[in-house]
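Across the two complexes that follow, subunit A remains constant while its partner is subunit B and subsequently subunit C.
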Partner chain A sequence: MARFDKIIKGYFFLCAAFSVLITVLIVFSVLFESVRFFNIVPVWDFLFGTQWSPQTAMRADQAGSSGSFGAVPLFMGTVLITFIAMCIAAPVGLFSAIYLSEYAPKKTVNSIKPILEMLAGVPTVVYGYFAVITFSPFLRGVGDFFGLSIASESAMVTGIVMGIMIIPYVMSLSNDAMNAVPQSLKDASTGMGATRSETVRLVVIPAALPGIISAMLLGISRGIGETMIVVMAAGLAAKLTANPFEAVTTVTVQIVTLLVGDQEFDSAKTLAAFALGLTLFFFTLVLNVAALFISRKYREQYD
Partner chain B sequence: MKNKDIRMQAKGLNVSYGDKQALFDVNLEIAKNKVTALIGPSGCGKSTFLRCLNRMNDVVDSCKIDGIVQLDGFNIYKKKVDVVLLRQKIGMVFQKPNPFPKSIYENVAYGPKIHGLTNSREELDKLVKKSLNRAGLWEEVKDRLEDPGTSLSGGQQQRLCIARAIAVTPEVILMDEPCSALDPIATKIIEELIDDLKKKFTIVIITHSMQQAARVSDYTAFFHLGKIIESGETKQMFSNPRLKRTQDYIAGKFG
Partner chain C sequence: MIKRTTKIAMKRAKKKKNPFKFKLGSSKKNQVHLARRHARERRFRVFGFSAIAASMIFLLVFFASIIADGYSAFTQAQLRIVVTFDQSLVEKGNYRKILQNSLKQQFPEAKGRKQRFMLYKLVSKGGVNSLRKLVDNNPQIIGETDQVWLPASSLIDMYVKGKTNNEVDESKRKIKDLQIKWLEELQANNSVRSVFNTAFFTNGDSREPEQAGILGSIMGSIFSIVVCMLISMSIGIGAAVYLEEFAPKNKLTDLIEVNINNLAAVPSIIFGLLALAIYLNFFGMPRSSSLVGGFALAMLVLPTIVIASRNALAAVPPSIRFAATALGATKVQVTLHHTIPYALPGILTGTILGVARALGETAPLLMIGMVAFVADVPTGILDPATSLPTQIYLWADSPELGFVEKTSACIIILLLILGIVNGTAAYIRKKFQYDW
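Up next is the complex of A and B:
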């Protein structure tokens, strides 16, 4: 038996080691290609340049025949869209979580929660479809009515639809955080004569705050990495703007466009995708680690 | 018992959770400025009864309550009763110490703040000090009021919860096994505290310890299977119970 246990243990270890190894390999390959890219384009120009036009020049006399790789417009586009998305997802997700954990009768919870969680399983391509076919024309119609010109691929449309996609994540995670607040604390508050909303405001939310913050961070990280919706609904033009009604492009969109079609694997254009990927990886990693750190610290509080 | 000595009274109280009835026609008088102990085997409905006294069972969806509970002759289950005000008058201390994950000061200030009992920071400071003093905790925590309430020992936490409850100057304090999570020394301190508190408050306490009931209470009610089997003066009940079942329970023969 002991021998069998050892074999099983070894097998489990191999599985775990395999996935860790693959992750490390991916990171290193991205890192390696990025270093090659930074040999052609200085890191500084990439991180702080405001001109993004990776197309290789048609004619030799064209300016910047090797294209220009200032990624700031992409970062800004990602930030703008994610910001709009969180403006939708944070309040809606948080309030529905509060409703589900503190106000809704059990029956409602049992029927609503699966539906909301199903929303998290909808493929993002469907959201993208929804954005392009339904929501964008609708928003443009509304804009026209008020005399506002909205681009058909505006950051607004993309952000709102992405926000809808993120709602279930934020909701589900903050709901977990609030359910983890011990009933005894809520009882203590109720027993003091606090109303339900006072209990939520003064006891439940403060106690669940670390969990709620980490839910928000994970939501943001989900938004930054989201690809399909933005590929379908956001633009391609790398314009540096803070106007949500104009078209912007994002890091993920550019990675896709850089790599779709015929590729030479050592052109700056192709390698740029790895540099973008590395940046993206770095930011989502920071966000996820921060979320993990915060929620772990908080878990110790009740043990 | 004379009418003026009665602070709370339950009349024909029936309580059920869904289909399961937990209390059957319970009648009990709770004397002013005395300690009333509720004893009985596990699951007999003591907590259910206690929670009816400040309408804490309102938050349990499945709980149906039928009958009358009076505070100073006024039925607290009347439709118009302001539950918030009621719970300010009837405070509660729970089995497991449950301080909020806030500072010691904020724990005690919680009730006064939500009920708007004080007008200035100085007043609030005074009230916090007074409540901690009365709960016998002031000397131990006066230099660390900003520390989290959860950083105290179990016995200190329970006294903090008592301080929190008395900070809103209730008339009645309900205690559901307040010492069951504490060691004998912390228990002794709380028992002495209860003895002191009854000068100002009416106290109802649930306990599984017969010695504790005998030590701290003036009146005792013995619950069994959702009914009050016997109630009366503690001295008389412990020395000379009227019913065999009471005697058996007190002697530890069942429960």
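Up next is the complex of A and C:
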């Protein structure tokens, strides 16, 4: 019996340890290929170069055979699209959460919340298709009406659709944070004669701020790592621009275009994808850890 | 901004228009102040409401546009053609020639190569297979002449469904005036009909939109989900039980916990890179197979399952464990015989939500090559396959008009499946969850 117990216990421990193994595998596999890439292209050129054109050379003596791997345009494109997305997701998500936790009657919340959570359950490839087929022509029509020329793969289209995708995450995480604020605080505020909005602005939001900030950080992290929407709706050409109506490309788009269809892993082109993956992993990790840290460290203890 | 609202509030106070149902404060200054506060309150409320309304409207537009684009893919136009099953051609197996001759006979006015070519394009290339099947099932038909319903080509299908733009000049559109004339002739004879598109559910992928189906991608999805679930369930639940029931409070446990929370937020494409580097390059597993797809998805949904299972285990009250321990059960027996069974509904719900996530995931599958054109329906986990989401991605990239409705229809199917899966999770939660 004791032996059986030991085996079972050991199995459970191995399962838990396996999750660490996954992280280790991620880091090693991506790091290993990245190191090979940085042997060909210096780290400095990759992180601060402004020219991205990773074509592979057919012959060694070909002009421009090395390709250029300056990833700044990709970083800027990612930042631009994520910024637009958060401009949509942050206010809409936050106000939805406020409305649901402070204003809407309980019955309404129970019927609205599952519907909004449906938004979170829609696969991102579907969002991407929607962006391409419906939203991009619509936005271009609007642009024509105002005399703006909007590229069909503009950062605006991608950003807005990505923002819609992020809304439910921001909403449900900040809603949780707001619901955790004890009722006594709200009652006290109301008792002092504050209106509901004043209670929300002056009591609930400050008390829930760590949770809200970590919700925003997780939203940003999701936006940076989002792949399908940008692969389908954003551009391929790396252009260094801050104009949201032009087409930009992102880190994830380049990873996909560099790797899909290619089966050889010794050219700088395919290895570059792993270097991009490493950068992506690093930045999202920082954001996730920051979100975790903030919500743990600065959470007010009310009990 | 504040100045303007103050002015409006002052004006209101002056006119003694009280927008609120209760008594305002006594002094004028107080009235102004209160009115401003209430105006702000209302504005705030409107913001909140419009935020919800915006999401709702989007959801509505979203579903409406996808259904409007996709519902037509569930029907398919058929043409009634008088076919002569010429004996010598049947023996040679040249059904294409049989079809072409029959079309020529029905529309003798088609002169020259170009016009005949246009004529042959009325019927789908799959029509040849339909004829072969007809002869195989009913050999007496050889030598006879019969009326046969054959699937129309995508070109005609789109025209019948009114999806082509017929206003533009003939040279700029794919369907030509002559083809429209023939089609109208057929329509006048009641020889065009619209039937349920079974091919969409029984075929694999195809280059011809009218023959493309989702069975291949559904099988690919099923295979990879089964692999994914076998792995992620056995590991995920074990990890959750260890962390919740056995783990001592130390640095290692803390590390594992933080690590799992982190893993849940790692971008899915990173898991694709991992699968590519480890499974395909290092272990040399078959590319594009649902086996590797399942492995990649398993790592992706593992954190979801661990977190959900832990919550379910934590919800089981300690009194259950105490009671079992008091009766002499060992820790493992308590866990296996009491805690896990009570937590099972919650664990299952979490697992099913993991399935839903894995079903919709695309990016990691792109990395391991589950986006190839696969015409055959996969029969095992080692066969090259696609999945429903990657099929959507593939079709969305196809330039043919006929694939637009197929893509939307595939999305409808995927969303339906996800709805059923999520509904099952909700049902289990409601029906079997213990309320302590």
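Assume the second predicted complex is superposed on the first by the 283 of 303 C-alpha atoms of A that agree within 3 Å, B and C clash if a C-alpha of one lies under 4 Å from a C-alpha of the other, contacts with A are read in each partner's own complex, and residues count from 1 in each chain.
Everything that follows uses one rule, which is that a residue touches a chain if its C-beta (ideal position, glycine included) is under 8 Å from a C-beta of that chain, and two chains touch if they have at least 3 such contacts.
Just so it is clear, the model here is predicted, and its values are computed rather than measured.
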Dominant toucher of subunit A (residue count), subunit B or subunit C: C
Partner chain in contact with A:192 - subunit B first, subunit C second, else both or neither: first
Which of subunit B and subunit C A:121 touches, first, second, both or neither: second
Subunit B versus subunit C as contact partner of A:106, first or second or both or neither: first
Contacts of A:43 with subunit B and subunit C, given as first, second, both or neither: neither
First (subunit B), second (subunit C), both or neither touched by A:255: second
First (subunit B), second (subunit C), both or neither touched by A:221: second
First, second, both or neither for A:184, with subunit B first and subunit C second: first
Touched partner set for A:203, first subunit B, second subunit C, both or neither: first
Interface residues of subunit A shared between complexes with subunit B and subunit C: 195, 198
Subunit C residues within the subunit A interface of the complex: 37-38, 40-41, 43-45, 47-52, 54-56, 58-59, 61-62, 65-66, 69, 234-239, 241-243, 245-247, 255-256, 258-263, 265-271, 273-274, 276-278, 281-282, 287, 299, 302-303, 306, 330-333, 336, 356, 359-363, 366-367, 369, 371, 389-390, 392-393, 396, 404, 407-408, 411, 414-415, 418, 422
Subunit A partner contacts - residues on subunit B that touch it in the complex: 54, 56, 59, 61, 83-88, 91-92, 94, 96, 98-102, 110-111, 114-115, 150, 161, 164-165, 168
Subunit A residues touching subunit B - in the complex, by the definition given at the top: 105-106, 182, 184-185, 187-195, 198, 202-203, 206-207, 301
Subunit C-touching residues of subunit A, taken from the complex the two chains share: 1-2, 4-5, 8-9, 11-20, 22-23, 25-26, 29-30, 32-33, 91-96, 98-100, 102-104, 112, 115-116, 118-119, 121-126, 128-130, 132-134, 164, 167-168, 195-198, 200-201, 218, 221-222, 224-228, 231-232, 252, 255-256, 259-260, 263, 265, 273-274, 277, 280-281, 284-285, 288-289, 291-292
